[in-house]
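Naming follows writing order (A, B, C, D, E and F), and every chain is counted from residue 1.
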Amino acid sequence: MLNKTGNMQTFLGCDDPYDEAKIVIFGAPYDSTTSNRPGARFGPAAMRHDSHGLETYSPYQDADLEDAAIYDAGELELPFGRPEPALDAVEAATAQILADDKIPIMLGGEHLVTLGAIRAAAAKYPNLHIIHLDAHADLREEYLGQNLSHATVIRRCHDILGDGKIYQFGIRSGAKEEFEWAKTHAALEKFGLIGFANMAKSLGDAPVYFTLDLDVLDPSAFPGTGTPEAGGVTFTELLAAMMHLKQLNVVGCDLVELAPHLDTTGISTATACKILRELLLILS
Amino acid sequence: MLNKTGNMQTFLGCDDPYDEAKIVIFGAPYDSTTSNRPGARFGPAAMRHDSHGLETYSPYQDADLEDAAIYDAGELELPFGRPEPALDAVEAATAQILADDKIPIMLGGEHLVTLGAIRAAAAKYPNLHIIHLDAHADLREEYLGQNLSHATVIRRCHDILGDGKIYQFGIRSGAKEEFEWAKTHAALEKFGLIGFANMAKSLGDAPVYFTLDLDVLDPSAFPGTGTPEAGGVTFTELLAAMMHLKQLNVVGCDLVELAPHLDTTGISTATACKILRELLLILS
Amino acid sequence: MLNKTGNMQTFLGCDDPYDEAKIVIFGAPYDSTTSNRPGARFGPAAMRHDSHGLETYSPYQDADLEDAAIYDAGELELPFGRPEPALDAVEAATAQILADDKIPIMLGGEHLVTLGAIRAAAAKYPNLHIIHLDAHADLREEYLGQNLSHATVIRRCHDILGDGKIYQFGIRSGAKEEFEWAKTHAALEKFGLIGFANMAKSLGDAPVYFTLDLDVLDPSAFPGTGTPEAGGVTFTELLAAMMHLKQLNVVGCDLVELAPHLDTTGISTATACKILRELLLILS
Amino acid sequence: MLNKTGNMQTFLGCDDPYDEAKIVIFGAPYDSTTSNRPGARFGPAAMRHDSHGLETYSPYQDADLEDAAIYDAGELELPFGRPEPALDAVEAATAQILADDKIPIMLGGEHLVTLGAIRAAAAKYPNLHIIHLDAHADLREEYLGQNLSHATVIRRCHDILGDGKIYQFGIRSGAKEEFEWAKTHAALEKFGLIGFANMAKSLGDAPVYFTLDLDVLDPSAFPGTGTPEAGGVTFTELLAAMMHLKQLNVVGCDLVELAPHLDTTGISTATACKILRELLLILS
Amino acid sequence: MLNKTGNMQTFLGCDDPYDEAKIVIFGAPYDSTTSNRPGARFGPAAMRHDSHGLETYSPYQDADLEDAAIYDAGELELPFGRPEPALDAVEAATAQILADDKIPIMLGGEHLVTLGAIRAAAAKYPNLHIIHLDAHADLREEYLGQNLSHATVIRRCHDILGDGKIYQFGIRSGAKEEFEWAKTHAALEKFGLIGFANMAKSLGDAPVYFTLDLDVLDPSAFPGTGTPEAGGVTFTELLAAMMHLKQLNVVGCDLVELAPHLDTTGISTATACKILRELLLILS
Amino acid sequence: MLNKTGNMQTFLGCDDPYDEAKIVIFGAPYDSTTSNRPGARFGPAAMRHDSHGLETYSPYQDADLEDAAIYDAGELELPFGRPEPALDAVEAATAQILADDKIPIMLGGEHLVTLGAIRAAAAKYPNLHIIHLDAHADLREEYLGQNLSHATVIRRCHDILGDGKIYQFGIRSGAKEEFEWAKTHAALEKFGLIGFANMAKSLGDAPVYFTLDLDVLDPSAFPGTGTPEAGGVTFTELLAAMMHLKQLNVVGCDLVELAPHLDTTGISTATACKILRELLLILS
C-alpha cells in the first residue's frame, strides 16, 4: 500500500505520538571532539535502520516494544566543530522532555553529548546520580587544552553534581591522574560490573541518569567504536547488570559511541539495537 | 529543537505533501531473483540516508529541489521469495500515483520490479514506450526455469507492449539469443548512448517510461551493484543523455540495482543520489 | 605438476568417490527468502575455498579427515526467487543420498533449505527427530504473507513430523507467539545448550536430523550471518554439545546461514569450516 | 641493520634537514567541522606510510625526489572540536616556514585548515592569489550557524584577500547563493579545468597559493573522501593542469580531504601520494 | 540433480577435456616477492568463482566461450618463500602444454611467475617476442638484493631473449635507471597503448608471448592490485589493443597481479574475468 | 609547534635514546612464507600508528610507559621472497641488542622471523628456553618442501635448543605428526593456558624467550591474522598468564602474526598494542 502521509522513520516499534509517550528517544549526532576514530555521528541513524532486523519481543523479559509507549523524535540538527551549540541543543531537548514528565533516551554521538543531558537533568533533579558504564574514565580536567571533550565529560558532570554522585563501571583505560582523582570523588570499579547490584541497592529512590558508553563491551562483541579497549564485559554481563535498573528511579539515559561504519559486519549496530530494546522494556 | 511530530525521512528536499506533489518517489526493496550478488533491497534506504550529503541545487541545470513539488512515500513493504506479491504491490502503488496524475519514480531493488510499474503504466498509456539503460539486455525468455527474473524483465515488458516500443542503450552483456532476438523486437544500442539524442527526437509526445539500471555506468564509477560489467558509460555521458528527457512525455521512471553494501566507499550511493536529483529536476 | 584430469574442488580432505563414501556433502546456495541481509548463497563455495587454511587433523578428537570416507558433490543449481523449485531439488538430492545409505550433509544457504532435506529424511524415517540449534525460533506460521520462509522453516518441519519431535537450543529471538507455540509443540531451550546432554541421552536410537543455524554462535565469533543476535554460545560450548551426537543415530545434517561476504575478516567462514570438520569426524 | 638513532618517518624521499630544505611538508590532521563523513585527520599519516609503494622517480617529469631538497616535519598536534586553536597552530607553522624562505606544503585534514595557511601567507604576501581546485565551492557565509567550516573556508579567505584574487576550478557542488556570489567576487570555472592554462598565464609573477581539495578528482579515481561528487576530473587532467604551476610564483600549497579509511582499496591514498610527488617535483 | 562424479571447478565455460583443448588455463598462486601489498595468490581462484557472474557470449566479438576448446587445469601447488621452486613448477607446466601443441594461459599470482613461462616458451620458440602491458617497467637488475622479484622479471626475461624482443606499453612507474636501460634494450611506450597497433603489424608471424599485468589499467577500473598507479588505461582502450593480437602468432599468455581481497567491491575480479573471456575468444 | 628535527615515529611512549634504553623494539616486516593469507608485514607499522589511541598508563599494573626506558628502532629493511636474508638481518639486529645488554622485542611479521631472534639469543644464552603461545604447533619438519616456513619455525628452534626447552600453550591446530612429535620433544598444552603458572614456577632463573603468536587469541578477539582458529583464549586469560613472566628471566620476546588489513575494524591492532604495552611494563 502506498503511504500518502509521509515516511516516518523510528526505532523499531517506537511509533507512539509524543503526547502519549512515557519515553522519548532522540539522536545527538555529534562527534567533533573524538580524538581517535570519528564516526559516532552516524550511530542513531544506523540504529533506526538496522533495528528492523530485530524482533519487538524480548525473550529475556517476556515483554514487547509494541506494548510500550515510546516516541522517537529523530535526530537533533547539530553543527560540527565547536561543542557549545551542540550541548545547548541537547540540553534544550532534554529539558523539554523532562518538563513534559517523560524519560529522555539520547542516542549518541560521542560521549560529550551526555553533558548537555546532565545539565538539564540536574536542573530538574538536584540530587541526580549518574551510573556510568564505559571503558574509559572520561575524568580528565582537560584534553589537548580543551575542557569540553569526550575525554573530560564525566569530570564536567562532576562539576555540576559534586562528590558521591557518580558510579563508574567497566573502566579499563585512562591516565593515572584520572584513577587517582576518582578515589576521592567518584565510585570507580575497574574492568567489570561485579559491584553493580550492590550499588543499585544502595541508591534507593534517588534520581538516576544512566549513561552507557557502548565501548564498555568487549571489542569482540562491539568493534564499531572509536577507541576499542580489549578486556571488556560481555553482552550477557551487561544485560544482567542493566536488569537492576528496574528497581531504580531512572530519569534519563543515553547510549553513546556506536560508530557503525567502523564495523562493516554490522554486529555492533545489531547489538546496540538489542541493548536499546532491552533498556526501553526495563524502563516501561 | 526537539521535533514532536515524528521523524520524517525523505530523499533530500522531497518533503512536499502527497496532494501537492507532481512527482512521487517510492522504494521497492525487493531483490530475491538476483542471480549474482544480492543487496539491491537496501538501495532506496541508502539513497535517502546519504542524500543529505548532497546539495539541493544543481549547477548542471541551475535549478533547485526546494523549488520542485515532490513527495517521498518511503518503502513499500514487500515479501521476499516469490516475485508475484512484490510485483502486485508495485503495480498497485504505481497505478495509484498515475491515477492521481502524478509521475511515479520507483527506487529499486532489482530490475524485476520494473515489470510491476510497466503493468500499471501500460494500463493507463496503451502506447507506452520504454527507454532502457542497462549493461544487460534482460531479454531472456526464462532464466534457470523462471520466467519472472531480473534477467527476463524487459522481455516480460515486451509481452505487454509488443514490438517497436523498447529502446535499449549501453547493453554490453547477454546471451547470444538476446542480442539476436532484439534485432527484430527492440532497438538495442550496444555499449553506449550515442543514438540517444536521435531516439529522443523520434519519440515525439509518446508516453515514455524511463528505466535506468544503474549498472549501465562503468564499474569504476558505480561498483555497488550485483553484476558489474566493465566498459560502461561515464556519469557525464549518462547525464548528457538524460537531459534529452526534458523534451519527452515521461510518465514514469525507475532507478534500480544499487546494492549499497557492495561498495563501502559510498561513491555508488552518492552517484545514484546525484542522478536522482538531476532526474527529478529534469521532470519538474 | 599440471593436472590433466580436471580441477576438482572439494571441502578439505573430502575427495573420496561417491560410491565409497559414507557421508555426502552438497551445497544448497539459495537465500531468496532472507528478510534481513542476504548472502548465504555464497556460504558453501566460501567454505570449500577457505577450508584449505585448515588442517585435516582434529586435536579435539584425535582423528583425521583423510581417514574418513566423504564425498563432496559441489553445489546444486538452484533458481532464485520462488522457493518451491529449490526445495524440490534439495529434497531430490537428499533422497538420493539416503537411498544409497549415506549420510547427507547440506551446506546452506538460508535455513529454508532444511525443509527440503527434512521432507526426504522423514519419508525414509517416519520417526525422525530434529535437533535444531539457532538464535531464532523459526516457528512462525507465515511471514509477510509467505508460508515458505527462513522464518517459518521449523514450523513447516513440524507440519510433517508433529509434536514431540523437535528439540531447539540457543533460541534468543522470535515473536511472542513462537515462544508460546513451542511450549506445547516443541522442546525449546532459550539462550543456551545446557540441556543438550540430557536431551541426547533421551533420544536413544531414534533417527535424528541435526540442523545447525550457525547464528546460534555469538556474533563476536560468527559475525558473517544475515541476522546476528547478541548473546549466543561460544565455539567451545557448541563443540562440546556436538560431541554428544556421537551417541546418536544421526541420519542427516545441515549447516546454514553463513553469509561470508558480511565478514571480511574471514573468521566466520574459518569457524564454519572447523565446525564442519568436527561434525564430519563425529559422524565417521 | 639496526637503526640506533630513531625511526624517522617521512614522505617518500623527503628526508633532507630542515635548514637545507627548500620545501617543508607538514600534516594538519584536523577534521572536526566535516559535515558529512569524517576521517581526513588520517590523511597525512596514510600518505607517509603508503608513499613507500611509490617510486621517487617521475616518468612524467623525468625528475627524482631524491634530487630535491625537502623536509617533512610530520604532524602538527591539533586539538579536536573548536577550530580556532587548530587554525592558530597551522598559521604559526606556516608563518615559520615562510619566514625561513621555504615553501610550505600542508597535508590535510579537512579544507578548513587552509584558512590558517592563508592567514600566514597573506601576511607575508599582501598580493596573494589563490588557485583553488575542488568539487565544492566552499563559499558559504556560514554553515549551520558556524562561520568557520570546511564549507565556508574560501569565503573566509576572501575576507582576507578581497575580490579578484581567487580562481576556482572543477566546482560542481554548492548552494545557488555560492555560485551567484562567485560571479562578482571570484573566478569560478564549473566542472573542469579548461581555463587553467589561460588563468596561469594571466597571473604573471604574483604570489600564488595552490589549494587542492582532492575531491576535485572523479570519485572513481578518488573515492576516499568525505563527500564524493560524481563528474570530476581525471588524474591525467589534473596532472596536466598542475604542470602550469611551474611557470608561477607558488609560495605555498596544500592537499586536503583525503580520508583514507573510506577507501579500503588504497587507491585514493596511492593517488594522493603520486600527486604530491609530482607537485614536489614541479616546485623543485 | 546431485552430481556423483565430482565437483569440477573451471573458469566459465572452459570445461573441455585436456586432450581436445587448444588452450589450457592454469593458476600460479605465488606472490612471495611482492614488495608492497600481497594477495595476488588468490587471483586465479577468485576469477574461477566470480566468472559465473559473466556471460559466455561476447557482444564485442560476437563469439561464445561454449564454442571454444579450452581446458582449465586449476592451480599449480606452489610453495611460498623462495621463488625457485615456484618458477620451476611454472616452467614445467608451461613446457608440457607447449609440448602438446596447446596455448598456455597462466593466471597469476605476482608477475615473477611469468619468468617460468618464458623459460619454457623460449626453449620451444628461440625467436620469442614478448608484449608486456604493465604500469611498472619491471626492468631492475635486482631489488633489495634479490635478482628474482616481481620488480626484475622482465629484465630476467631479457637475459634469455636479448635485445629487440620486448615491447612494453602503459609503463608509468619505475626507477630512472629502468627507463634509461629500456632505451637501448627494449621498446617501451610510456603511459599508454597508442603504438600497439603499429607494433603488432611489425611482428609478422614471430612467436609472441603476451604478458598482461592488470595494473596497466587505471586504478579506478582495477583497484584490486598490489601497487595501483594512477594514470592507467581504460578497459576499452585495453580491449581495443588486445584485438590486434588476433593477427599475431600468440604462443602463450598470462594475466597477473589481481589481488582480489584488496577490492571488496569485486569489480577488479569481474573485470579480469571479462578480459580473460575476450582473450580466450581472440585466441580461439 | 613545527618540529624542525624530524618526525620520529615510535610505539606509544617508547622514545628513549638507544643508549639509555633497557628494552629495544624493532619491526620485522616479513611474511613471504605465509601459506594462507599474507599481510603480517604491515603489523609493526600499524601498531606504531594505532598505539596513539591507547593510554601510556596501565590500570592492570598501575604503571606507566612514560616511566620505562624503551627505544623503538623502527623497521628492519627485509627483502621479500627467500627467507635467509631476512633471518640473517633479524639475527644480526637481535645479537646487537643482546650484546648491549638490552632486551629485544621484535614485532612480526610472520612467525618464521622468530628463528632469527632465537639464533642470536641461543648464541648468548646456551640454556635458552622458549615459551611459545600459538594456535598452531609450528613443529613440521618441512612444509610444501621448504624447511624454513612459518609452519616449521618452532621445529627449527628445537634444532638449536634440543629437547626439554620448549613450552607450548594454546595449540589447537597442526598435523597429527606434530602432536605426536611434541610428546617426546616439547611440552605442549592443547587449547589453553591452564598450566602456564606451574610452568613458570618450574623455570627458575633460566633464560627465557617469549614468543607470542597472537593467533593464540580467539578469532573473536583477534580476527586480523592469517589463519584464525576458533577456540582460542581470551584477552583476559592471556594477560593473566603473561603476568607470570614478571618472575622469570626474560631475555627476549616477540609478537607476531598481526595482519592488520584483514581486520578493518581495527580491534586486532588495538589489542596487539595493549598486549605490547602490558608486556613492556612487565619487563620494566
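Convention: a residue touches a chain if its C-beta (ideal position, glycine included) is under 8 Å from a C-beta of that chain, and two chains touch if they have at least 3 such contacts.
Since the structure is predicted, the reported quantities are computational estimates derived from the model, not experimental observations.
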Q.
Which of C-F, A-B or B-D has the same interface as C-E, meaning more than half of the contact pairs match by residue number?
A. A-B
(Q) Quick check: how many Å separate the C-alpha centres of chain D and chain F? (A) 40
Q. Chain A to chain E: how many Å between their CA centres?
A. 55
Q. In chain F, which residues are in touch with two or more of the other chains?
A. 37, 77, 218, 220-221, 261, 264-265
Q: Let me know each pair of chains that touch one another.
A: A-B, A-C, A-D, A-F, B-C, B-D, B-E, C-E, C-F, D-E, D-F, E-F
Q.
Considering only the defined contacts, which chain D positions touch chain E in the complex?
A. 53-55, 57, 59-60, 62, 64, 218, 220-221, 235-236, 239, 264-267, 270-271, 274-275
Q) For the complex, which residues does chain C have touching chain E? A) 1-10, 18, 24, 26, 45, 48-49, 72-77, 89, 92-93, 96-97, 261, 264
Q) Any idea which chain E residues touch chain F in the complex? A) 31-35, 37-39, 41, 77-83, 85, 143-146, 148-149, 261
Q. Quick one: in the complex, what on chain B touches chain E?
A. 36-37, 171-176, 179, 190-191, 218-221, 223-224, 227-231, 262-265
